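Here chain A shows up in two complexes: once beside chain B, once beside chain C.
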Partner chain A sequence: MLRLTSIDASYGRVQALRGISLHVGEGEIVTLIGANGAGKSTTLEVISGLIRAGSGTIAFDDQDVTSWRPGRLVRAGIAHVPEGREIFGSLTVEDNLMLGSYSRPRSEREQIASDLQAQYERFPRLHERRRQLAGSLSGGEQQMLALARGLMSRPKLLMLDEPSLGLAPIIAQQFLAEVQKLREEGLTVLLVEQNARAALRIADRGYVVETGRIVLEGTARDLLDNPEVQRAYLGRAYGEIWE
Partner chain B sequence: MNATAETQPQPVAENEALVMARRRRAQKLQILSLFALVIVLPLAVRNSYYIHVIIFIGLNLILATGLNLLMGYAGQVSLGHAAFFGIGAYASGILTATYGWNAWPAMLAALVVTCLVAWLVGRPTLRLKGHYLAMATLGVGIIVSVVLRQWVDLTGGPAGMKTTGITTFGWELRSDADVHYYYFVWGWVCVLTILFANLVESRPGRALRALHDSELAAQILGIDTAAFKVRAFVISAAYASIAGTLYAHSSMRFISPTPFGFQTSIALLVMVVLGGQGTLWGPVVGAVTITFIQEFLRPFGEWEIVVYGLILMVLMVVMPGGLARGLGMLWHWGRERVGRLRAARAGGGA
Partner chain C sequence: MTAVQVWQFFLSGLTTGGTYALIALGFSLVYNATGVINFAQGEFVMLGGMITATAIAAWGLPLWLAALIAVAITTVVGLVLDRAAIRPARHSSVVVLIIITVGASIFIRGLASIIWGPNERPLPAFSGEAPIVIFGATITAQSLWVLGATLVTALIMWAIFEYTIVGKAMRACAINPHAAQLCGIELSRMVSWSFALAAAVGAIAGIVLAPITMAQYNVGTMLGLKGFCAAILGGLGNGLGGILGGLVLGVLEALGAGLVSSQYKDAIAFIVLIIVLLIRPSGLLGREGGDP
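After this line comes the complex of A and B, so read on.
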């Protein structure tokens, strides 16, 4: 469904990605794990068209989308839930959700209205607070809102950037359970997480990113068992704390 | 997400819903009462000097409303907005006085010229992150001011130029009846305020506010943030241009470069910040306050700019959200106090 082939990208003179190649199959949950600044978020930003790839190609649904702009990619079915949630704090919850459908044509108005109801059914808390300013929500609710806003574009591929960042462990777990449910509904997920253990638990496959390169890839099971991954990212001694 | 958290926030949400609906209704009422005030005011204020001041408040209000769209909604700053005011005034002034055009097509031509200049400045600078627009508009302000002073053949130079009145289907706004001109300017104010209120509540308005909150998220959702900022900038310049044309054909029938300089750009900035960026009433409060301050400070000349600086400093400390928000908060606080006092008294009586 999504395939990146030797992608380079840089911020000014700083090269952030060096030949990233990865693929995500339909219906999979694939996770990118790695340390801060390894290039995980940059990879997502390249896919959603926020940053231009210096070289390499991106294919989505058998189309070359390398030079597409964000709006066109959203219409093609890629939703990106950014790191830090980035909700629109001075707008109401409902306005936030409606903006999620921004790139859909007006002719879909009725469809959009029913999608809005679907999101409210999925997250009753958002329905309760639909007229509240989004900035007044708690961290967990904001993450729900960011996810629901992403879903309002009716994506085929959902990219989540550090969704558990700043959330209480139990809320983070509930969130990831929600992601699994979405996959069962047919969504494909590309998940970036620092909490590698939690991510690999729900993922099918994973890639380990280090200084802009992919250094390891495999099934989630293999990565969880890999001694190198255990030492560097699962921090065995800390493992118990995360449970 | 335990039981207490689940039950507790519900009444808050209910309240918020009511508050939002009430606020929409209140906003409509407020605009209507502004109209009413505008219609009745000349009956109460007979002094032509005050009428003149109120006309100026109207012009400043148009300018500040445009700038508010740029600053409060698109999150960008223009340091040369007086230049667009000047282009509007001089373009229609020259077309009517020198080339004998009617004021209405001249207004339209001035509008087109201003928008074009704004677009040419905004398009390259707003693609960049950061406050490049502020720098570029500062430059535009200086250039326009120099052109107005130096291109004597066209603009009359520092001495200024005579202009004509506005004629509509053979009916001219007379120069000796300020009240006519008052209604004309404030009619424009009302139309442009309604336009602004609708724009902000519309789908593009929502997108604009969204990009003010998080540019990244707005882009991700497919909002072309650069294009939106350019549009907001062009619209704010268009407001300035209309104000300029209205100024050029005022009962003075005269324009000179002075009101279109840096000082005015800063005064406009102060109006928006003082009143409260991103609110409907901020520009109104700002325009009224600053216009009166300008009138009072007229004898002190250059001290004006010092006073602006002081106002900005005090405001940032005391009411960072601007006067409109600050006064609103004060009002709610007062009402709550009174309500609580009444409740306490009733409780004490029983």
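After this line comes the complex of A and C, so read on.
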């Protein structure tokens, strides 16, 4: 469904990605794990067109989308829920959701209205607070809103950047369970998560990103069992591994 | 100095203030979309008045049609300004873009002086010259047109931003351009919208003001600066603040000119500007940050 081939990208003079190649198959949950600043978020930003790739190609649904602009990519079916939620705080919850459907044509008005109801059923809290300003929601509710806003564009591929950042562990767990449910409904997910263990538990496959490169890839099971991954990202002490 | 005189100054101040309010609204529209102070805003006002006056005097059109044409042409000028001058430089810093608008303002004024020459263009009052007496003070019917146009335009703008998806998308861009793009909102299109609306609002101000002050190729400079002062006074980027700032500034000017000396009329706006920047840089209704 999505395939990146030797993507380079930079912020000004700082090269952030060096030859990233990865793919996400239809119906998969794929996760990118790695330290802060490794290039995970940049990878998502390149895919959603916010940053231009310096070289390399991006293919989505058998089309070369490398030079597409963000709006066109949203219409093609890529939703990117950014790190830190980035909801529109001084607009209402419902306005935020409606803006999520901004890229869809007017002719889908009825469909959009029923999708809005579907999001309210999925997240009843958002329905309760639909007339409130989005900025007044709690962190967990804001993350729900950011996800629901992304879903309002009817994506095929959902990209989540650090969704559990700043959430209480129980809320983060509920959120990831919701992501699993979305996959069962047919959505493909590319998940960036600082909580590597939680991400690998729900993912099918994973990539390990270090200083702008992919250093390791494999099934989630293999990565969870990999001693290097355990040492660097799953918080196991050296001692445990050698014992 | 009698109370009736003060009341008189207050009413005439409200009239000028209404125009400042509309100009301030134009500044806020572009500022929210781009972070740029569009110093060509005053030229939109000039164009509104000049085109209407020409359309009536030279082409013999009725007022409503002339006004419509003036708003349409000015809106196109606003769009061209965006496409030809702002968009090619959109990756430059805000300061560069502001200087571009200063250049565009000089360019439009120069073009206007070539097209229309240096003479003032009179525009007849919309509904006669008969004065209206309100509690002892007299105002012209045209003053009511100015205040009415301000009110109606402000209401339309409010409705656009509160109830239409495009208006909300423009607000979303001002709040968080990054997230707006991820919703599929094209920033460049929103910037075009903001220039178009700002130009239309400016033209409306110019049209209703022209019968009072006469239209001339160079009226845009001072009106633009006054509108800018009003926008700062009300809180840059805050629509309601701009309206309030315009009205307050107009009244202060009229009172200052009447009670102190009419020599200082133009200076008052700038004294207000300096005081606001020193004491409350975010303006009367402004908050920290650019959120509308």
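Assume the second predicted complex is superposed on the first by the 236 of 243 C-alpha atoms of A that agree within 3 Å, B and C clash if a C-alpha of one lies under 4 Å from a C-alpha of the other, contacts with A are read in each partner's own complex, and residues count from 1 in each chain.
Following the convention adopted for this analysis, a contact is a pair of C-beta atoms (placed from the backbone, for glycine too) under 8 Å apart; a residue touches a chain by one contact, two chains touch by 3 or more.
These numbers come from a predicted model, not from an experiment.
When the two complexes are overlaid on chain A, chain B and chain C occupy overlapping space and clash.
Looking at the shared chain after the overlay, A:Val74 reaches both chain B and chain C.
Looking at the shared chain after the overlay, A:Gln132 reaches chain B, while chain C stays out of its contact range.
Of the two partner chains, neither chain B nor chain C is touched by A:Arg197.
Considering which of chain B and chain C touches more of chain A, the answer is B.
Of the two partner chains placed around the shared chain by superposition, chain B is the only one that A:Gln174 touches, whereas chain C remains out of contact. In the superposed model, A:Met98 makes contact with both chain B and chain C. By the touch criterion stated above, A:Pro82 is placed in contact with chain B and with chain C alike. In the overlay built on the shared chain, the residue A:Ser48 is in contact with chain B and with chain C.
Comparing 4-12, 22-30, 76-84 or 328-336 from chain B against chain C in the aligned model shows that the clashing stretch is 76-84. In the superposition on chain A, the residues of chain A contacted by chain B and by chain C overlap at 48, 50, 69-71, 74-75, 80, 82, 86-91, 95, 98-100, 102-103, 149, 153. On the side of chain A, the complex with chain B involves touching residues 48, 50, 69-75, 80, 82, 86-92, 95, 98-100, 102-103, 128-129, 131-132, 140, 146, 149, 153, 170-171, 174. Residues 165, 168-169, 171-172, 175-176, 178-186, 291-292 of chain C are the ones that touch chain A when the two sit in their complex. By the touch rule above, chain A contacts chain C in their complex via residues 48-50, 69-71, 74-75, 79-82, 86-91, 95, 98-100, 102-103, 149-150, 153. The part of chain B that touches chain A in the complex is made up of residues 1, 9-10, 12-13, 16-17, 20, 206-207, 209-210, 212-214, 216-224, 278.
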